[in-house]
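Following are the structures in question.
Same chain, two partners: chain A is paired with chain B first, then with chain C.
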Partner chain A sequence: MANTMPIEYYQQLEEIQAVDFVIDELVLYLDTHPTDQNAIQQYNHFALYSKQIKQKFEESYGPLQKGSVNIRQDYWAWSGPWPWQV
Partner chain B sequence: MDQQRERFTPMKSYVPFRGLFDPCPPIGEKYYSTPPNLYVGFQSPNLEQFTPQEALRKGTLWKVFYDYYDNPYKRGGDSGHG
Partner chain C sequence: MRSPAPFPQRGEEIVWIYEKKLQYPVKVSTCNPTLAKYLVEQYGGADGELAAALRYLNQRYTIPDKVIGLLTDIGTEEFAHLEMIATMIYKLTKDAKPQALKEAGLGEHYVQHDSALFYNNAAGVPFSATYFQAKGDPIADLYEDIAAEEKARATYQWIIDMSDDPDLNDSLRYLREREIVHSQRFREAVEILKDERDRQKIF
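Let's turn to the complex of A and B:
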């Protein structure tokens, strides 16, 4: 009896991974091209978008990283699946 | 800028010297990767990009830097010679 997460969990997680990858790439690019306004605009767009999808993910599946807001007031929401179980 | 650049080979190879009295079996051909970033130099702005999902799988955001690795040692050894 497999105990796996719903498909949306993986879809949202992949979306977060893709967006964060783009952010990392743009950070490295902008370090050497500080005046590239298009890249800055794209970076800001993805940075905001990343915050939104992470918030949406955390509301339904629990905290993503240390320091995330604990959704539930009555219970410490750090429970599985742990990253290595995903 | 990209068009004029002649196509470069992403993989090059050489045959190491082997002496007459070399006890080890001949290595034959050795390969080394020459990714696009060696040829692009300082990155120009507004290069063409992959979609985020695609970029995550390809390992780079910009199409010009994509470097597919295909193990030459496994592929019968005949890769794009430099």
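Let's turn to the complex of A and C:
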């Protein structure tokens, strides 16, 4: 099962991981600095960007989370592969 | 006074949503059951990711409002770390034959669980809720949280010292750094609560 996905899968996933890491850091920072307007602005910027790149990823590789559209009509793409299989 | 609730963002709904990705990539160089045996300390050990997630999420109900968000977000991130550790253990052992597991000291594990993961520590002791507390005293709880992060950071360092897998060490260093960030945020939370307590004394 290892490394069976196309190179674009890993590239796009890594960008999502990087952007979501920025969000993770901003969220924890904002939890203890809830009135920092600059951080809120950064958070909103990356929250929107994350949504966009996830939507693009999901169009090719299926839903990242429940509630996302399953583009393919003939296959339930949630079925795999799972994070420990790629 | 409660501050108004912010509008919900993706991933911050009132239930937990599984996201089909790891927080940080996990690569392993070779099949290495010995390393998996050490890593399981962070899966089902006293200072591991499961204990951390359960500790923080459970403390939220009785902690002052100002710290609930932090405990929710760090507790949730610990589950993402648990998934990374599980991925490491799975990848390090999936191609190991029983003989290789035996040579790595995992013969007893194989007899009990085959190659399945199990919540126990590096010495095979099953996970226990006695690994963490909920004291109801916010400062006592947060000091435990800081200590937990520092112990987890130290454990990651000891595992890195034992590991000869450069790919795996990259992911382990990432997790070690997260423990430092969490510890620092918990220290800020202590200061926030102390400030609030001191203000209440003055007025």
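One rule holds for everything that comes next: the second predicted complex is superposed on the first by the 81 of 86 C-alpha atoms of A that agree within 3 Å, B and C clash if a C-alpha of one lies under 4 Å from a C-alpha of the other, contacts with A are read in each partner's own complex, and residues count from 1 in each chain.
Heads up, the rule we're going with is that a contact is a pair of C-beta atoms (placed from the backbone, for glycine too) under 8 Å apart; a residue touches a chain by one contact, two chains touch by 3 or more.
If you're wondering where the values come from, they're calculated on a predicted model, not measured in any experiment.
Q: Which partner does A:W82 contact after superposing on A: first (chain B), second (chain C), both, neither?
A: A:W82 sits against chain C, while chain B stays out of touch.
Q: Who does A:N38 touch here: chain B (first), chain C (second), both, or neither?
A: first
Q: Looking at chain A, does chain B or chain C touch a larger number of its residues?
A: C
Q: Counting only touches as set out at the top, which of chain B and chain C does A:L26 meet: first, second, both, neither?
A: The answer is first: A:L26 touches chain B but not chain C.
Q: Tell me which partner A:L13 touches in the superposition: chain B (first), chain C (second), both or neither.
A: second
Q: Across the two complexes, what residues of chain A are contacted by chain B and by chain C?
A: Residues common to the chain A contacts of chain C and of chain B are 14, 17, 21, 25, 29, 32, listed in rising order.
Q: Once bound in the complex, which stretches of chain A touch chain C?
A: Against chain C, the touching part of chain A is residues 2, 13-14, 16-17, 20-21, 24-25, 27-29, 31-32, 34, 47, 50-51, 63-67, 78, 82-84.
Q: Could you list, by residue number, the parts of chain B that touch chain A in their complex?
A: 42-43, 45-46, 52-53, 55-56, 60-62
Q: Of all residues in chain A, which touch chain B in the complex?
A: Against chain B, chain A makes touches at 14-15, 17-19, 21-22, 25-26, 29, 32-33, 36, 38-39, 46.
Q: Which of the residues in chain C end up touching chain A in this complex?
A: 3, 9-11, 17-26, 69-70, 73-74, 77, 83, 86-87, 90-91, 181-182, 185, 188-189, 192
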